[in-house]
Structures are given as structure tokens and as C-alpha cells.
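Each in C-alpha cells, the structures are laid out below.
Note that chain A is present in both complexes that follow, paired respectively with chain B and with chain C.
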Partner chain A sequence: MAELAAAPRVWGGRARLLAWLQEYGVYASVLALLLFNVVFTPHFLEVANFRTQLIQVAPVVITSLGMALVIGTEGIDLSVGAVMALASAMVVLYLGYGAPVAIVAALIAGAAAGAAGGALVAHVGVQPIVATLALLVGVRGVANVLVPQLTEFRNPTLITLGSRSVLGLPLVVIVAAVLTVLVAFLIKRTIFGRQLVAVGGNRAASRLSGLPVRRVLVTVYVISGLLAAVAGVLATSRLQASDPTSLGLLMELSAITAVVVGGTPLTGGRVRVLGTVMGALLIQLLQATLIKHNLPQSWTQMVQAVIILAAVYAARGRRA
Partner chain B sequence: MATAVLEARGISKGFPGVLALDDVSFRLDAGQVHALVGENGAGKSTLIKVLTGVYRPDRGTLLLRDEPVTFDNPLAAQRAGISTIYQEVNLVPQMSLAHNLLLGREPCSRLGVIDTTQLYAEAERVMTRYGIRTDVRRPLCSLGMGTQQMVALARAVSIEARVVIMDEPTSALEPREVDTLFGVIADLRSEGISVIYVSHRLDELYRICDRVTVLRDGRVAHDGPLGELARVELVALMLGRDPAEIRRDGATRFTGEHTTTAGEPLVEARSVSRRPVLRDVSVQVRPGEVVGLGGLLGAGRSETAKAIAGALQVDAGTVTVAGQQVRRGSPAAAIRAGVSLVPEDRKAEGIVPTLSVRDNIALAALPQLSRSGVVSDARIDRIVDSFMRRLRIKAASPYQKVSELSGGNQQKVLLARSLATGAKVLLLDEPTRGIDVGAKAEVQALIDELAAEGLGVLLISSDLEELVEGADRVVVLRDGAVAGELSGDQVTEEAIMATIAATGETDG
Partner chain C sequence: MTTTTTTAADADPGTDARCGPGMSRRERIGHLLQHHGALMVLAVTVVVGALVFDSFATPQNAANIVVSSSFLAIVAIGMTFVIISGGVDLSVGSSFVLAGVLAAYGSRYGLLVALLLPLSVCGAIGLVQGLIVARTGMAPFIVTLAGLLGMRGLMLAVSDEGANTYLVQNDAFSALGQASFLGLTVPVWITLGLALLGGVLLQRTGFGQNVYAIGGSEEAAVLMGVPVTRVKVLVYLISGLLAGLAGALNAARLSSGVTILGAGMELDVIAAVVIGGTLLTGGSGGLIGTMAGVLLLGVIQSLINQIGVLTSSFQQVVSGAFLALVVVAQRILHRAQRLS
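Our next item is the complex of A and B:
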């Protein structure tokens, strides 16, 4: 049953449109939403408003970057919100030794949580959704035990981190931007990045080609945990308090939405870093727009649902 | 003449780009064990799927006891008395043997509750008949493959099957379990139940089958009583050769002789075993030599290549490259030692469809093409460019997605990936299957060229002509063991077929 040479792909107009949508839809949507706001929303162009939007979206962007890497390997990380809470708890726990120590402790905790998830996925063979679901529950539990109630702090260094601006840009936003560039570099230019997408695209082929499949998988989850911890530290420094019960709640859903809307396929083998950032921005802008026009939160959720479905539909049509 | 229990007349079935069955007729008589054989892609699975209602034929008719029928779905075929036992036993592993056996027909009390006492008693009675004495309350997954197979068989028969289709039923069985299975098949036959038996083990076919149908490229190559067919004739038919006269003209692009340096072997596999697929297989390849691996489907050819490439866990045996032992079970270690595999299944184990041609070629060589973890685009461009030109890979650009290329070009991409690692030994598993004639000739010429440059090549091919003209030496495998080795003038299609057909020593 000789498999004939692959027929040249003839795309119909609809399929081409879907392909375009998956590729550039998120940019077009962000642009359209911006234009809409410029015209219809009073005070939208004011600097203060932009700052607020960017500061709010920064933690989402950072966790979404990690999520994009995990999804690139055909996995998923449901634990990111819980890891943010854990990082926040670690910060107040170790703040007595100074802010740098506290931050490092938080990052280590995040990486450790990621390593646990990665080990379950890569070495035990647990499905990513199950492994990280266990972490979602367990890690938030640990965070709640460490810091049982909302705890405020007055460490000047940490507060500075959350409120300071450099050259007019909030530090939080700068961190998010730097991390975006780093992750883009990781994916495009490093062995690890190239191996990551290969493992997501075809695990058996990657193994036969001698790629360290397990090491790649563990590392991906460690990075995701680390980035979630960074987001947790930043969110804590802005709040000037640690609240492990509510910090990062449902963040995993925002992150997955940003990644999917940004055009990264859930089937793995591809990571779109800038698309992910745009995905996070799109959701943020959407929320802001609806709030500014006095529409209830429930509207945001419904519109969000439509956008997710549109993104998934575009991805499906592409493959068919 | 006995009545036909099941008959297919002039069946054709096509898929996009492929005609899987072309005017195939097949007749199964009552109480017969009918062998259905053919190499990969011959159309066996498609025919079985047509007979069991999974596929609807494009043309042709099915007759059940001389009445035309159409099966809308597998359940309809099952209701008509046609049962299939697949290679992978499809039962519920966590449920008990008894529950599996009587699934959907459990004896119930008046309230509709399953009567477990009766269930276990009934299950025990059935299994004893099949020579299985075990606790029927144990979960199925805790039992051996042979027992599981027997449960599947018992289940198939107990739903009043008139036809039982067995697809490679012995591939996971121990010799003792095979004997039990054959005993049961003999019982079935005496009860007038017909069996379609799919297997590539000649010994088994000749032991239990009455009749044989050989499929080749979607057509019936032969149909008749098995007893009248010599083993070597059957092998010739399966491999697509006319048993009467075997052509000797060269249609491949191999030039034939390589100047084999009689030096130390580049790679040597010693007594590699992995039960039940490989037993004591030893192969060596010298620099500049093309060694062919011959044998029927399931003889252990791909497994041998994978064992050498570190991609198959082995129970025993060693692989050495240039005298150095290679760490077992690690493809990375094998690649570092200079051994690279181009797998048979391009789609599942070869290409990474989401990546470009460039990324696919560079994939295995990334560590060599980078400095402290950062890849060097310049170096990748250079190596990709040179291989794309040398192998004449036809792509719009190096950045085109590999999934958009033709099969032949995808194959060349995989060859380039292996070569880019600086491999000294290439293990090529069916390198020309499913690619167009032009690409086939190019790949064959390339194999010659690489051998001439001093590479060692292990060539697996079901195409006898390719094997004879391409290989300097052919190791023939049968049922997971080396059946013989041919070199020099001995390498002929007849000799390979004779070696495959020779009666295997009874194992155990």
C-alpha cells in the first residue's frame, strides 16, 4: 500500500483565513481593541491608565511564558497559581533575613515545586494534567500552612520593587519584558529550546535522535515553577502583604488562555512567545474596556470564552 | 464442496492516494483454518476490517452462508457470528477474568443483580475447557499474556461465533501457550467453526492451516490449499516473487560490489536477546560494507536495528562500536558512538512535523552545532545547506515545514539528520518503502556512495531485489533468531527465500 507522495496542499479560502487567524489573529485583536478604546473610551490615552494596565498584566505575562513552554512539550501546568501563593508565603517567612534572601527562598520553592511536577511527568509517567493538579491542591495547602492569614510587611526594599519606576517604566513591567526576551532567546537560540519543541512535536522521534527527553521535560516544569514564583514575588511586593489563600487564584486559567489565544497549539511542538504576551494583553485590555464601559465582570468572562473558542477553532481548522 | 461460511467477492477499497484492496475475492469454508498472509501494506488489515464491518467496501459484495449481507458496523458483524481477536487483547484489564469472559452476559438474579457465585462457576467451567486452571476472580491484568489471549478467544467463541479472526495471536505467547492455543483451534475446527489466521510464522501456518490466501499490494497473489504449496513457494509469494521464475535483471540503482576492507567490524552486536522478539542475534558491519537484514514481517529485523541503536531494551547481549562497548538502552550513547538509525515509521518515529526542514536535519546534531548551549545559526545553515544539496532535498526553502514535503524528501531529511551527526554506521529500516520511484533510485545510489566512502550500512528491506543488489552480505532472520548468513555469490533471491523457508529448529 504505497503511500503516495504528499499531495500539494490546496487551501481553500476558509482554511487560509483560519491559518491567518491563528498566526496573526491575536495581534489584530489587540490592535482593534486599542483603536476601539482610543475612539470610544475617555481618558484611555492617559499615561496613568497605560501604566496601570501594564502593571496589572505583568504577573500574568510572566506565568504565561512558563505555561507556553510547558504547552510546547504537549504538557500543561495547573500549579502556577498555587506556586505564586507558595512564593508569596516564602517571602514573608524569610523577610527577616532581608529581601534578597526572601526572594531567593521564594524562587527556590517555586523551582522545587516545578521539579516535583516535572519528575512526576518525565520519570513516573503521570499525565501532566494529573501531576500538576495534585500540585495545585498540595502546594496551596503548604502555602496556607506556612502563612495562615494575610500578613502585611514594611520591608522598604521589597516595597520599592513593587512600586519603583526606572526611566518612567514600572520595575514590574521591566522584569516582565526582560523575561519575555530571555524566554524568546531560550526558544529560538538555545539547544534546550530547540529540543523542547522537538520533544513536544514528536517524542518518539526525539528519543531516537538521542535527545535527553526526560531532562528537557523536568527542566521545562522547573522553569514554569520559577517564573510563577517570580510572578508571586512581584504580586506580593505590590500588595505589600502576603495572602496565600487568594494570591494567584485561577492564574493557571488566565495563563492557559493567554497561551492558547496567542496561537501556541495545545498539541505541542511549537511555542509562540510574543503571541503569548499579546494573548495576555488582549485579555487584560478586554477586561479594562468592559469595566470602563460599566459592563459587569460576567461580560468579560463570556467574551473571554468566545475568544478562547475562536482561538481553538482557528488552530483546529489549520490542522484539518 | 462445503458451503462457504463467509465469502467476499470482488472487494475494492480505496483511501486517499491508495488503493488498499483491488478486486479481492476470499472464500472461507466451514470448519477450516484459513491462513491470510502478506507483507506490510498488502491489504490484510483492510480485508479483515471489511469482513468485520469496520470499513464498507467501495465495490464488491459480502456473502454470509451464500446470502448477500452488508455490515453497517462491527456490532452487526459480531451479531452475524464473526468475532475478531486483535493483536492487542482488547478486554478490560482491571476486571476479573470471569467478568471479562461473560461481559454483557452475566448470569443475573431476579432483581437484575449479577449472581457472582454462578458467574464464577460458569467462568471456571468455560476456562477448564480451554486448558486454563486459574482463579477466575483474579484481575485479568495479573494473568499471563497466554491466558489473556485464551480469555479473548473463549469470549469470542462463546458469543456464538461461526468465524473467528485471529491477528498474530502467538506474537506474545510462550511455546507452551502456543500449544494450548493450537489445541483449542483444533477443537473449534472439529465443531465446524472457521478460523482466519493471520501470521508470518511459517511453522505455525503449516501446523494448523488448511488453506492459504496470499495478498500482495492489495491483490490476491495466491489462493489454494496450503499442503500443496512448498514453503519456499509461499515465501516467494509473500515477498512478491513468482515462485516459478525469478527475474534476475537489475532494476535498482545499486552498482553491486563495494570494496570491503576486511578490517575490524565497525559495529558488532553479540547475542542480543529480548524475549519474545529477539533471540541470540549477532550481526556485524565492517567499514564500507552494506549488510542486509532479510526475513519476513515480524522476524525481528526492526527490533535488531533498534537494539543496536539503543532504542530497544534488551535482556542480554552487547553492542560494541570499534571495540568499545556502548551503553545499553540509550540512543544518545549510540549516536555519540557513531551509530544512527533511520526508523521504518517515518511519521511516528522520524520527522517532527511541527518543525522546519532545517530544524529536522539539525535535530540530532544540536550539541555539535552549538557553543555553551547556544546554537550557531551559521554552522547549522552550513550543514543543512550542504546536505540539502547533496541529497537533493526538494523544499521551497530550509524553513518549509517538513510535513509539507513528499515521502521521498522526508526520507532524505531523515538520512541527512543521521549523517549530520557524523555517523559511521547507518541503520536503515526500509529506507525506500512508500517513496516514489525517482526518490527510491536516489536513496539507493546514496547508500552505495556512502558505503564507498567507508560508512557501514545495515539495510533492512522487504524488497528482495533491493536486498540482493544492495547488500554485500545478508543476514536472514526467522522468528527473532538468525536463520542463516549469505555472502558473495550466495546472495541471491532464491537463497534468501530458501533460508527463510527452511524448517526452523523447534524452539522449546
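Our next item is the complex of A and C:
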């Protein structure tokens, strides 16, 4: 539909502005918000504050990375929040066998959920939005059945993972940073990355030129499930508790917002990893700014809505 | 999401209503399953439920299922229009909650305000979403996602960040959600009326045919001279209005504007529509299927309650599995039809 309505247009000043906004808008916005806070928000430049912001944004960044890959293939993964809850439930269930086993079980569950979604999309040809919608409903149900109520636990390894710092940086943040570099490497430097972008850009052409389209699609959803599971494990470790009813609720919306605001087009064929991280940071900063200036939560959501629309509108200008 | 492989069957407006001669037996079975599959499964589930559980097939339980399904059904009617036109409306859950809060707030100024305030706000937001989708060509999914967030924010702003639950202070308005007529509450009768009206609108009017045409192939619809922009705007307006109405009626039933119910409702609604045989690619489907889909979700919930030991989380598992099953079956039918 996007292609249809966006008639060919001359690259005038407006189109160029939109293109610039899509490319650098997210960086400019983050910078502007940072500057605003440095000037107007008391105690903003303190280390403790930065730490809190980074710890809070880490799970969003990790799930957004997976979402960015899926959106790069012209897909969408609505199940990431539910997969976080499932991973959290698995951690609690398998904690008796030790933290490593619990974490591996959580990651396997996440990958399996991703594989199910990927198989529906790649092999059956179900639209990504429906396939992952079914997963969202079903997977959260499974998580709730496995762990029916809020369960607290104390495990030294998970406390370390969730709350310790190395060289002043929280482990959670380091994990997010490492995963960002890995995903960036995957996209820029590997054959799989090339194939992913090709499949998202033009699936028919990719198939005709012999790319393993189905395998690429399944792999992408598996990666998204894995990353969501990592985010779920980290969130659970930090809380020292698992609550599958609420953990990761609406995470899919935050992740999609981060990706879209970061300049990755919903039409696929392009993945912007750093932009996605910046998108997640922008939303986090925005929330923090509004809270620090005593503006309520309701404002954040309304501003977020406007930012999404603006980001997609700018992307549309670029497509034309 | 926007690139759809459109088959000739999809593009022909209102194909689903006709199952004419000249079709092979296989095609006919495919059509039947696609469009009445949900109804058949519903019938089978009800019969099995009645045989297995003594307390399932009682008039009281049937009334319970119908009453609790009616709100989802009203929203699903609007969603069916949107999905047939090739779009999707993720904002209905937020719209439902916002309408409930606005209706409860407005009820202190009388029945008329309690109804008109939510309807006008939700209708207006639906209209704006429709305008953005139709005029800018942005993906409906993302526009209504923004709508979801915006309306949730608006709801929080109206209700003091969710802390303030307005109580309904108007007996006439409460009666709208609670009073019974011939054994069923008023919302059920409203649902029936709206489903009938929607069915006529979809199958028997030019507007309905245009909705199918746009969903089947927007390009072809433009070339045929269908007023695409107007139809799209109307479709999202209808969806917003119905979500608003359902939210207001729910507030009347509960006598308060509850701020937490209804989040995530959009997913149940989409699931019901898809289970009912309406394809998310647009251009095909209908309201009978949607109603069957809504009732099926209600019956599954009721059966799980009957089993007793199972928690309501099982309903999510079953709904999710069922949705997956339905879409896989639809794809297989779709392929079979194309091959034959």
C-alpha cells in the first residue's frame, strides 16, 4: 500500500529534510534531549543516574535488536514480550538444577518459540503478524500455566548477573552492548546478514537467485526468540523474581517503536543496528525527562505516539 | 506486510457470498471450510461440551457466554470491516478502555453525555487514523499502534494516571449495560442489531462491495473508480465508534470506568476475526464467521472453567494453538484452491 500511495516526487527541500530526518533524526533527537537534560534537569549528570537509565534500557535494547532483524525481512515479531515471560518461567522451573541449566533452558525455550513462529512464516506462508500473534497469546498462556503466580527466589549466580558491575559497568549493560556488536557484525560482515537484507528487500528475487529464503527467515525468528529470552533472563535476574503475567507485557510495542524510530523501514531490506539502540535510548530518555520534570506517564505515551508517526512519515518520504 | 499476492478469487468483491455453479467439488469444500469452518467447529465444540459436562448446556451458562462475549463481538464487527479492507486496527483495546473511563466520567452529566462523549472521542480518533492511513499511505499497523499508545496516554491523563476510577452516576445509563430483556442483557441485543446492520452494510450495499474491492486489490479498486480514501476513512471511523460503544456499554455493566481491563483486547479481537475465516490479507471474509469466532473463544473459556482444575491461563494456550491451527488450515485451503 505504501508504494501505491507514495507517488513519485521531485527531491525538493521537504523530501531532502525527511530523508535527513530518517537517517540522522534519532541521533539528533537523543543529542537534543541529552543537552536539554544537562541544562534543565538537576542531578542529571551524576553517574548513578546514567547507570539507572542504562540498566533500565538494556532489556529493551536486546529485544529491539531481534525485532530489527525480523523487520529487516519485512516481518514483525509480536511474541517477544511473551517469550520474555516464558524465559522467566523456565528460569524459575529449572533453578533447582543450578543457574546455568536454568539459563540454558530459558534460551532453548525462547529459540523454540522463535522457531515455531519462523516455521509458520517461512514454511506455511502465514503472515508474520498473525503467526506471532498466535504465539503471543499461546506462549504467555504456557508461561502462566508453568508458573501461575509471582515466584521469588534467591540465587547467587543470578544476583551477580542481574546486579553486579564490572569496571563500573553493570553486567546487564555489558551483555546488551556485546549483543549489539554481535548483531551489527552479523548484519555487516556475514553472508547471513547479506542474505537477510536481500530477503527483506525482494523475496522473489532472492528466491530466484537461489538464496535459502526459508532458512534465513526461520533463523531470523529464532534469533529474535533467543534475544527476547536473554532479555527475560536478565530482567528475572535483576528482580530475583518471576511473574509471567506481567513480565515483558507490551514489550513488543517498545521494541517496534525503538526499531521504527531508529530508521529501519517497515518495508524491509534494511537493518539499522545503532539506530535501533538509539531509538531505545531515545524512548528511555524521554520517559526519564518527563518523569524528572513531574510530567505524568500519560504524557510519555502520547509523545511516543507522535514520535512513531513522525518516524514512519519520514521513512515514507524516503521510500518515494 | 503490505505486499500481498492477490489471487483472482480474492480480488472479486464479495466472492465469499457466492458459491455458484462452475466450481469443482474440491473448490466448494474449500470455500465451505474457509467461510463456515468456525461455525462448524463451534457446533461440534458445543455438542461435545454438552455431552461431557452436565452444567454446560444450561440456559444460564449459554446466557453467560453470550453476555460476556457481546463486548468483544461489538469491537470485532468493526475490526472485520477494517481487516476486509486490507488494514488492521490495533487501537481498539485502548479505545475500549478510554471509552469506558469517558462514559463513567460523563454519566454525571446525564445519559446523553455518557454515550456521546466516548463515541465522539473514539470516533474522532478513528477518523484521524483513517485519514492518516488513507492519505499518507503509512502502514495501518503502525498508525494504529501510535493510536494505541496515544489513547492509552489520554486514558491515563483523564483518570489521574489510572488512580481515579469514576463511578457511573446515572441509573438510566447503568440500565443500558445491566437491564435484561427476554432473558438477555441489553448489550446482547445491541450486538445482534449491529451484527445484522453490519452484515447488510457489508453484503448488500455499494460501500460493502467497495470495502471488499479495496482489500482484494487496492490498485484495481483505484482503477475501477472506487473512492478509496473515503472508504478507508469510513472503515476506521466505524471501528473506532464500535470500540467506543463497546467500552461505554462495558462501563455501564460494571458501573465504573475500569482503567485496566481491555488492554490487549485488540489481540483477542483480531484472533476472533481470523478464526472466523476473514483473511488478514484483506478482500475476503464476513461477519457470520466473526460472530462464530467470538462465540468460539467464549465457549472455549466456558469449557475450561467447567473443567475447573485448569486455570484461565489454559484458555490462552488453547486460543493461541487454535489460532495457529486456523491460519495453517487457511493457508493449506488457499493453496489447494489455487492449484485446482
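The criterion applied here is as follows: the second predicted complex is superposed on the first by the 310 of 320 C-alpha atoms of A that agree within 3 Å, B and C clash if a C-alpha of one lies under 4 Å from a C-alpha of the other, contacts with A are read in each partner's own complex, and residues count from 1 in each chain.
FYI, a contact is a pair of C-beta atoms (placed from the backbone, for glycine too) under 8 Å apart; a residue touches a chain by one contact, two chains touch by 3 or more.
Computed from a prediction, not measured in an experiment: that's the story for all the values here.
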Which superposed partner A:Val126 touches (first chain B, second chain C, both, neither): second
First (chain B), second (chain C), both or neither touched by A:Leu211: first
Touching partner for A:Gly200 - first (chain B), second (chain C), both, neither: first
First (chain B), second (chain C), both or neither touched by A:Leu266: second
Which of chain B and chain C A:Leu136 touches, first, second, both or neither: second
Chain B versus chain C as contact partner of A:Met302, first or second or both or neither: second
Of chain C and chain B, partner touching more chain A residues: C
Intersection of the chain A residues that touch chain B with those that touch chain C: 1-6
Complex interface listing, chain B residues touching chain A: 16-18, 20, 40-43, 46, 217-218, 309, 311, 330-336, 341, 343, 348-355, 359, 362-364, 366-367, 370, 373-375, 377, 403-408, 417, 421, 433-436
Footprint of chain C on chain A - complex, ascending: 1-6, 74-76, 78, 120, 124-131, 133-142, 144-145, 148, 250, 253, 256-257, 260, 266-267, 296-306, 308-309, 312-313, 316
Chain B contact footprint on chain A (complex, rising order): 1-7, 9, 189-192, 194-195, 197-198, 200-202, 204-212, 265, 268-270
Complex interface listing, chain C residues touching chain A: 1-3, 86, 88, 132, 135-143, 145-150, 152-157, 161, 218-219, 222, 263, 267-268, 270-271, 274, 280-281, 311, 313-321, 323-324, 327-328, 331-332, 335
